[in-house]
């Protein structure tokens, strides 16, 4: 019995319900939303602390013994992801208090945001493969709705692609679950891990694992399944893009890591090369896409894709160090992508456009914005000593240790190209003279009062500080990543805690 | 083989033929209402099939399925009829408008 | 009062559905029916309900007889290779006024094979009926008016 | 020690604020930091002469073997002192050079950060720490080159420097990690102890290539040299500090630092010497092509860097000694010359050597400093440059290929002499100036730097003993990893090297006198503009951009059907591939257990599916879809799932209602695609369907024990108090699924509601609209 | 688009269908049915009413905003699951009264949960249909 | 019976995917619906088919006896069906709104979010 | 006895269904197809449900079967009416041998209103 395992789901749910009940009262919704986000963050920290101290935690929903009921379980990786969810959620909620227009707010924005957080937390915490599907659907549908909320032309066009392809992914996921159930007759992931070892027809498991790879690969946006992402992520308002970029693709990565470390251990050896190829191509095509964009947020979207490749690379290498790299990189990527998209929102608020060709002169005019852009941008490019550097370092070391030289070369070159891409943005939006001189004199956040300015900058600032902090003091974070990876590589504790016995 | 079993067999056969016939109507149309009628008949056959199945398996629980099917298939047919009428109205309106436009010019 | 009656009717329907005639089930059914009536705000108008039961039975019997008769006629036409139909749409002037009565009439006509109520005019004065066997228009109109319409009027008025 | 390194960063953080408070004196104020550091580092000089260099360790990322370890040996000390000293002078200089500039505070911030990075780089003992500072120097260089960021040229040059040195950074990281794994530690001082471990390792060649690549990009060796002249977009203090005295020497530092580990092999020496010599000649040659003072200096810097690289490649004790001395000499004279050029630019706004002249009157101190530094660079005694060059000749003459190398050196020396004339003499003492504005005399802070540096070059040249024991010898010992006794002297007696020097000087003077003619000849011979490495860089960038455009246009085409097709084809490849490798017991013989009504239903559903696909009218498609849905529900019913059947019936009807409510607002189905396109899509779709069929057949042919069902059958009634097991699963055993499910429904409802009701008002630019 | 026949028929069908829907809900624990089907049938009933009588009438008849039904339903479901948390048991652990009413079966939190499901389904479908019809 | 259903499932998958790759947004929606049916039927079939023995405990018994259909896939499909309904309801309206806003039903003309200039 | 009754009812019901199926295919126009299909199938399904009620003989089952029969009987004509009405709105043609059409041109298709014959009492109702 561990109440902390269900609270990350219940708190957003109750927050969302409260917001729904207060449908007509925007200010009340804002209060609920902020309170809920704070509570979620607090609970996530508590959960993490417990898992850190006492090891894997599990709770059997409905008090039915595993594998018959649904088990909620948190190992370090899960707990860490929940903490990141709480953190990003809080940041984005605070930011959106200032950045979201009243119209969107009065059509359920806050409720949707918390539904999304609920789905994400559920996906991280569940120990049941079908329940994972359900949480995926929760977060997907919330993201669908958030994506189109406002109904602008671009939003709708993007949403069609996003929705369609993600539904295909869901269908594949469902198919994979069905086959798994058809083969071993259980749904609990820990139980599956045990059963699959002794299943008839191990070769069939390769097929199943390939299905999971496809389904989660689409959600994680890896090559060649990522096209929906750059088509849509730049279309909604900044806070929405930010939370999508920060969390959603990571859920796909999380799911990939989870199933391949827990259930398909042998298969992940077989598929290792395939995953590495996908990782390399994801990095490359993503960054190439970023280089040609004129829209700031599309640059970020393609970078998002590109850097999924790094996380997948860790999975493909499949050593403790590599997985630690994946975990570390995921922490970093959540922070950096959220932060960059939020900064994008600030820029849009200042200049009314995302187009690099129309931007300029921000360096002089808004040095604070320049700083809060630079930190995540450099961190993204892996410039030391920021968070991104360590993530990349660990992965590259792991790659060299496994003699995956080509992979390492690709990862390094893509790092350089990322730097290039960020330098283009910097040069165009900040260094270049503003194409329109009147723009340069536009007041900072025209309608915003001081507190609104704070709402914009506090989340961005905190995230940027975290990146610096992780960069400056990597040891505790590497320690976490390392221990999380250890648990992933050796899931005995996980299985024992879930099933209540040794397999 | 009891009388009931024979009759069940016959029922299954007849219902199967009926549903195929209805499907033929669905296929050839020609008008939208024809297809809707075909669907209506198919769903009625469905209700019958459920009832027959309940008898055959001695499971009265299936009767509830029949009740629900009766309700929702009615809804479906009403929806289609609604659609056909609305579409007809829309077409009529646009024809009217184009006539109006020709007269105006 | 009418609502109470409706409530009771629904309660009976509930007990029939659940198949248990027990006091506890009556209470539950009554509560459910009450809730539904509150939720759905149905205005009831089955006034003078009990006096009309015999007339209703008469109507029902008449209807069933017509039903079987007509069904056989149609069945013959469907099965026989040669057709005997003389179809057409006939307007039937209505004397019934309430929605319920008109609806009942229309539905009974429809249920009888060979005839089909197409629509009621917007001013509720005419019911348009499609029939497969029209030998004489006036005779057909008279049959309907004397048959279903009269009996329905008797039930409700 | 950590404090010494970090203090620069801390100062950088506050520099803009301090500067805003004290704009007039901030340069002097900030210069106290490097000055203090200089004093601090001088205090080490006594200790490093003893055997064990001081080491400082601070725990950081110990689990990966990365701790903040620093050590101060001769090599580090030499660099640290240069960095601190020149840093102090340059910062003072900048205080006046950029006075009144809006971003001067930020400039100081960047400079201080750079200084700290450079210090960290030369002091680090841990390879990764070294790398981190290495990258930081590249980064601060980017900001400093792009300081005048409103000009496209500055931005372009900054990016170029960043990318080229960034490329080297990648190589360095990979190389260092590989070395770390070979040695099992990342502490460079540990590597020294077991250098042989790597020379015979399989990875030796790749490591050498990576490390050399890193050093070559940073130190502007051929073919990566082109970024350095372009970096002259930076203000003069930056060029002085980064691009002559310190940062570009980081590559030299790296080669020197790793010489004990990697050096002493044919491979190493061939590679490093060749590239160094080639760079030296090329730089010297290109210096004669240009007229911009700073560019000329940049090319001579490249040449000098090539010379140092070449010396490290040779690797004999005398070569190392020559390298150290020349490095010191070059830092002093080139720093001074850059500052002089900056002062000229500052005063006249002109850097074109052909348009400058006769400035001595306006800036006598600068002029003298310039002349002195130029003489040092020309290798004229008694300057330190002369001492250095003599040693170089000596080192080269001992080499196997002495003829070639000496020849190259001679050519270089000639060029240096000519350039010295152009830069140090001509602007002040010769010709007429052709400048728009009246030059204004430079202030104290502009004169201090060049004067002091030039003077130092002269003083040390006259009395090399000042530095030989406590600075040069330890540095040379560190590079060679063996104690070296250094005897520096201005006068070595008559040696044929002296003849070479004299010859070079005479020829150089001649070239100087015919500078215009030579320039014309050289320019006509210079092919680098059309197919040099700079052109290569441009091409590479263009190619990358073109490739990026092409791939993105193809992949991210915007066609949803292409996206789906890609996914389907990938799925087919992966699933099909995995199925191909196995024997599949399909169990098709099981077909016979089908009942008539089931078969009819199956055919009906398939037929309705075909009808859905082929329908020309929307409503036909929807009706047929309804048939499919009802058919599926009947399957559920026939196989013991009444709850499912009910739900499916209900949902199907409601979906029909929804479709119908929406569809009559939509246009009729159009056939947009051609037959060939339809075939293109139909084939993969059918294959995918076929794969699914195979999967179902295979899996259902397997035997399996039902693990969950017996439990539910057992506990449903006694413990969960329900007889409909499916419902008990839904609300109890797996209630959490249902919780999520109703959440999905609720969200969908909000979505539909907002889609139908929310129309944003106002005509602002759509956020997402590109 | 109002048909007299349809509107008269649906007026009397509505309570009957709602009865069926509640019946399906309550019997779902022991026989086919449950919150989903119950809610769907209830929604179908109102949908019919909506087609026949128009949205405004149908909304007036329902009295409650469908959105409120969703929120209340979700809250019911969430609270029924959370009740066991206060007893120190895991989320969604069933809590049952000892004897229970005869017809409803035993009253327990899973049954309440099912009612939440019913309300949500009803609210969701009606929200969708009403807002579509209003367009 | 599994064999027959396997072909039905294959057909549904193929048809669903084919329709989704059309350019008309309406076909996209219909394709999605078919794909949903396909997945549900696949779970159902793979969970093994049992005729006429629903997992409902007979009156007076305390647990299921004899042969009965596996209730787990049924519960899973029920969840999947309902989720699918919510999602497709949203998708249908999304399609309508897109058509309304963009002014076309041709997906090839909805490419503005993928242009990079 | 019970079983026999149930069997006979079942066969009658199925037979009516079959007739409905034939009717829907054979009849020459929509209205006559509906006349056959809706009615015969309603009757057919009524008989089948009756068979079910008789077969199980339990009160709970029978009452529910009856309720379903009533429901089908109530809804079928409404559905038929709705289809017929919509068919007339979209001008589905009558069979060429139809002898009379009082409804002809009386629909205002724009407002979906139906005029009453009563207003035009003076005219000949039409046909022969």
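Each chain gets a letter, A, B, C, D, E, F and G, in the order it is written, and its residues are counted from 1.
Just so it is clear, a contact is a pair of C-beta atoms (placed from the backbone, for glycine too) under 8 Å apart; a residue touches a chain by one contact, two chains touch by 3 or more.
This structure is a prediction, so every number in the text was calculated from the model and none was measured.
Q: Enumerate, in label order, the chains that touch chain C and chain F alike.
A: Looking at chain F and chain C together, the chains touching each of them are E.
Q: Looking at chain pairs B-F and E-G, which one is connected by more C-beta pairs in contact?
A: Contact tally favours E-G.
Q: Mind checking the centre-to-centre distance between chain D and chain E? Centres are C-alpha means, answer in whole Å.
A: Chain centres of chain D and chain E, defined by C-alpha means, are spaced 61 Å apart.
Q: What is the distance in Å between the mean C-alpha positions of chain B and chain D?
A: Using C-alpha averages as centres, the distance is 68 Å.
Q: With chain centres defined as C-alpha means, what is the inter-centre distance between chain B and chain C in Å?
A: 22
Q: Go ahead and note the Å separation of the Cα centroids belonging to chain D and chain F.
A: Chain D and chain F have C-alpha centres separated by 49 Å.
Q: What residues in chain G touch two or more of the other chains?
A: 22, 34, 38, 42, 58, 60-61, 64, 67, 71, 74-76, 78, 81-82, 84-85, 112, in rising order.
Q: List, in ascending order, every residue of chain E touching at least 2 other chains.
A: Residues 1, 3, 5-6, 9, 16, 20, 24, 30-33, 36-37, 40-41, 44, 47, 67, 70, 74, 78, 91-92, 94, 121, 124, 128, 132.
Q: Find every residue in chain D that makes contact with two or more other chains and list them.
A: Counting only residues that touch two or more other chains, chain D contributes 552, 556, 558, 560, 564, 638, 642-643, 646-647, 650-651, 653-654, 657-658, 661-663, 665, 692, 699-700, 704, 706, 708-709, 712, 715, 723-724, 730, 732, 734-739, 741, 743-749, 751-753, 755-757, 768-770.
Q: What are all the chain pairs that meet the touch criterion?
A: A-D, A-E, A-F, B-D, B-E, B-F, B-G, C-E, C-G, D-E, D-F, E-F, E-G
Q: Which residues of chain E touch chain A once you look at their complex with the stated criterion?
A: 67-68, 70-71, 74-75, 78, 82, 84-85, 88-94
Q: Inside the complex, what are the residues of chain C that reach chain E?
A: For chain C paired with chain E, touching residues are 6, 10, 13-14, 17-18, 20, 22, 24-25, 28, 32-33, 35-42, 99-100, 102-103, 106-107, 117, 119-120, 124.
Q: Within the complex, which stretch of chain B touches chain F?
A: By the definition above, chain B touches chain F via 53, 56-57, 59, 61.
Q: Residue numbers of chain G touching chain B in their complex, please.
A: 3-4, 6-8, 10-11, 13-15, 17-18, 20-22, 24-25, 30, 33-34, 37-38, 41-42, 44-45, 48-49, 51-52, 55-56, 58, 60-61, 64-65, 67-68, 71-72, 75-76, 78-79, 82-87, 89-92, 109-110, 112
Q: Applying the document's contact rule, which stretches of chain E touch chain C when the two form their complex?
A: 3-5, 7-9, 11-12, 14-16, 18-20, 22-23, 26-27, 60-64, 101-104
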